[in-house]
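Consider the two complexes below, in which chain A is the common component and chain B and chain C are the respective partners.
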Partner chain A sequence: MKTISIGKDYSDTPLGRYEGDGPFNGTRFREEFLRPALESGEAVHVKIDDTEGYGSSFLDEAFGGLVRFGYFSASELQSKLVIELEDQDYNLYKNLIWRYIDSAQPAPK
Partner chain B sequence: MQAATLKSLEVQMRLNASRDALGPDLESLEELQWSRSIRGGRRSNRSRRHHHRRWLLRRRAKIQRCRIRKIRQSRSIESHLASALSMNKHTVTSVRCDDSRRITINLPERLNFLEDYEDTCSHFAILRNAVEKGWRIKRLDFSKISSISTSAALVLASTVDQWKERVRGRLKADLPSWQADITRLLCQMGYFELLGLRKPAHEWPRGDTTFLPFMRGKVGGEDSGAMAKQLRVNIENMVGGSIRKHFLFEGLSEAITNVSQHAYTDVVDDKRKYWWLSASFNSVTRELCVTFYDKGVGIPKTLPAHKLFEKIKLVFDAWSDSKKIEAAMEIGRTSSGMEERGKGLQNLIEFAKAHEIGKVRVSSLRGCFEEAYETGQSGEQEMGRSRTDFRHSVGGTLIEWSVILKC
Partner chain C sequence: MQACILKFLWHITPALTTVVLGAFAAHWFFVRNGNAGAFVDALVRELEGLRADSLEYWNAAPSSQNNEGRMTMLEQKIKGSIKSISSDAGHFCRKYKKGMRAEIERLMSNLSDSATGGEFESKKRKADSGRYILIVNSINEVRSCLLKTKL
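Right after this comes the complex of A and B.
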C-alpha cells in the first residue's frame, strides 16, 4: 500500500489545472505522484484534508484526468484508489473526486 | 502753381497711406529722422522715448501672440485629453492638464460599485487610459473622498500599481487634505507604500471597518496559492476567529485559475498579467468582504455561444454582458470548448453559500451578476439572483464575496 498526503508530499495550497496555472497544478500531481503510484500495482491511499482546500480544476485534472487520458478505467480506480480524510469538511471534495472519475470519458485515440 | 499744389497733395496722400499702414509710429519715425538730421545722428530724449515706445509695442504684440498660441495649444490638449482618456459627463471637471502635459485627476466624493457605479468606473477609466497610453500623472487628488468601498479601493490600488510598474513615475498626493477615516483605510490597504508616502507616526483611531493590505499576484506565479493562504491567515487575525478556510480557498483558487487560463490570452507582456486581492471587515455588522480583481479581457468576451439563439444574439450584439456572466456561471460552459473545463466559476459561489448570509457579485466589463444566499428561520437557505448592465466598464473582472460572520 502506498500513501500520498497531498498537503505534506505535494503542497498545502494545490491550485490550477495546467503547468501555466502555477507550480502545484493538477496535471503535475497526476503525472508525478498519482499515476506512478497507481501503476506500481499497489493500492494507493490519498490523504486530502491537510491542505487549504481545492478548486474543482485541480481535482478534475488530477483525478478525472486519470480516466480521460486512458491511464485507468473508473472501475480500476475504484479498486485501487482510497481517498482518506479525518476532517469531515473535506468530505465534499471526496465526493467531487469520485464524481469527476465517474463522469470522465476516455479521450478517443 | 497748380501742378506744384497737386504734387504736394500727392506726396501728402502717400504719406498718410504709409502712416495708416505702419500705424502711429510713423510720425515718431519721421520725427526721429528729422531730429537725427537736425542733430547729426545724436539721440535726443525724444528719440529715446520713441525707441522705448517701439520696444513696448513689440513686446505687447509678442505677449499677445504667445497668449493666442497657448490658448490654441490648451484647447488642442483639452480636446486631445478628453478623447484619449475617454472623458464623459462624470469626469469633465475631474481632470486638469498643465503646460508640461502632466495630468491631475480629482477623485469623486464616493467610490463604490453599488450606488455610484458609473461615477466610480468613469474615474477609474481615466486613470486606466492614462496608464495604457503612458500619460504622465502629476497628482491624484484624494481630498474629496468621504467614503470608499473595499472593491473600489482595490481597483484603484491596482491601477496605481500598474502605473508605477509601467510608467515608473512618482505620484503626488496631498496627504494633509485627506479625510482622517479615509487616510486610515488607505494606509491599511497599502496606499502609503504605493504612493511613496511616509506613514504618520501616530496610531490611527479605530474605526468600524478594517482593510487588509492588498496583494498582487502574477499569473502562473509560484506563490499564488501561498498568497491565498496568507489572506486567510490575515482575515482570521483581523476577525479574531477561524473562518471556513477551504471554501475561501476554493473560490480564490478558481478565480486565480480562471485568470491564468482566460483573462490575458491576448496579452504578450508579462508585466500586464497580474491579479489583485484584498479583504475588509466591519466589526459592527461583522461583514467580511473579500475582493479579487484582474484587468483581463473579461468573462463576456471569453464566453462561447453554445446554442443557435446565442450565436444569433452575439451577431446582433443583443446578448448583454450580465447575461453572459450568468451563463458563464453555469457548469460546463467554458471558452476552451472542453467539457471538463468550465466547472470553475461555480466554485465562486461556495464561500457565499457556506454562510447563513452571504453573496457573491461578479462584475465583468459592463455587466454584473449577483447571487445571494440567506438562511431563513425554518433553516432553509433561500437564493436570490440579480443582473445589472451599466454604461461603463469595470475594466476587467471584479469578484466580491460578502458574508456575515457569526459572533
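Right after this comes the complex of A and C.
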C-alpha cells in the first residue's frame, strides 16, 4: 500500500489545472505522484485533509484526468484508490474527486 | 393543617409537573428553532458574499498586470467561502436536520464544481459570464434547501 499526503508530500496550497498555472498544479500532481503510485499496482491511499482546500479545477485535472487520458478506468480506480480524511470538513472534496472520476470520459485517441 | 397542605400538594403535583415539563419542552423547541433559523441566516449571508465574489471573478478578463492581485485574492475568497459554507452546512445538518445531509452535500458539490471548476485558477481562463448563471443557480439551490427548514 502506498500513501500520498497531498499537504505533506506535495503542497498545502495546491492550485490550478495546467503546468503553467503554478508549481503545484493538478497536472503535475497527477503525472508525478498519482499516476506512478497507481501504476506500481499497489493500493494507493491519498490523504486530502492537510491542505488549505482545493479548487475543483485541481481535483478534476488530477483525478478525473487519470480517466480522461486513458491511464485507468473508473472501475480500476474504485478498486485501487482510497481517499482518506479525518477532518469531515473535507468530505466535500472526497465527493468531488469520485464525481470527477465517475463522470470522466476517456478522450478519443 | 399540615395534612391539608399535604393533601393539596398530593393533588396539585402531577399537574404542576406537567406544566413545568411542558414549559421546558416548549422553551427547548422555540430556542432550538430560533438557533437553527439564525444559523440558516448566517449561511445565506455567506452565500450572498460568494455570489458577489463569483460575479466579479467570472466576469473579469483573465489576469493581467492590472488585476492579477485582485483575481488571486478572489480565488482565495471563493475557495475559502465554499469550504466554510460546506463545513457550516454540514454542522447544521448534523445538529438540526440529519435527513438533509445527503442533499446538502450534493448541492455543495454542484456549487463547488460550478464556482471553482473549468479554468478556475488557470492562466487560460477567459471571462465567462455564462458560468456565473450556473453559479447563481447552484447558490439558489443551496439557499432554497436551507430556507425550507425555516418554514
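Basically, the second predicted complex is superposed on the first by the 109 of 109 C-alpha atoms of A that agree within 3 Å, B and C clash if a C-alpha of one lies under 4 Å from a C-alpha of the other, contacts with A are read in each partner's own complex, and residues count from 1 in each chain.
Everything that follows uses one rule, which is that a residue touches a chain if its C-beta (ideal position, glycine included) is under 8 Å from a C-beta of that chain, and two chains touch if they have at least 3 such contacts.
Only a predicted model underlies this, so the values are computations on that prediction, with no experimental measurement involved.
Superposition of the two structures on chain A leads chain B and chain C into a clash. In the superposition on chain A, A:L15 makes contact with both chain B and chain C. Of the two partner chains placed by the overlay, only chain B lies in contact with A:P23; chain C stays clear of it.
Touch criterion met: A:N95 reaches chain C, while chain B stays clear of it.
In the superposed pair of complexes, A:A104 makes contact with chain B only, with no contact to chain C.
Of the two partner chains placed by the overlay, chain B and chain C both lie in contact with A:S56. Within the superposed three-chain arrangement, the count of touched residues of chain A is higher for B, of the candidates chain B and chain C. Of the two partner chains, chain B is the only one touched by A:R68; chain C is not.
Superposing the two complexes on chain A places one of the chain C stretches 3-11, 39-47 or 93-101 into chain B: stretch 39-47. Comparing the two complexes, residues 15-18, 20-22, 52-58, 60, 89 of chain A contact chain B in one case and chain C in the other.
Taken together, the chain A residues at the contact with chain B in this complex read 11-18, 20-24, 51-58, 60-61, 64, 68, 89-90, 93, 100, 104-105. Contact residues on chain C toward chain A in their complex (touch as defined above): 75, 79-80, 82-83, 86-87, 90, 105-106, 108-109, 112-113, 115-124.
Remark: chain A residues 15-18, 20-22, 52-58, 60, 88-89, 91-92, 95-96, 99 touch chain C in the complex. Within the complex, the chain B residues that touch chain A are 219-222, 224-226, 228-229, 232, 244-250, 253-254, 256-257, 260-261, 339-341, 343-344, 346-347.
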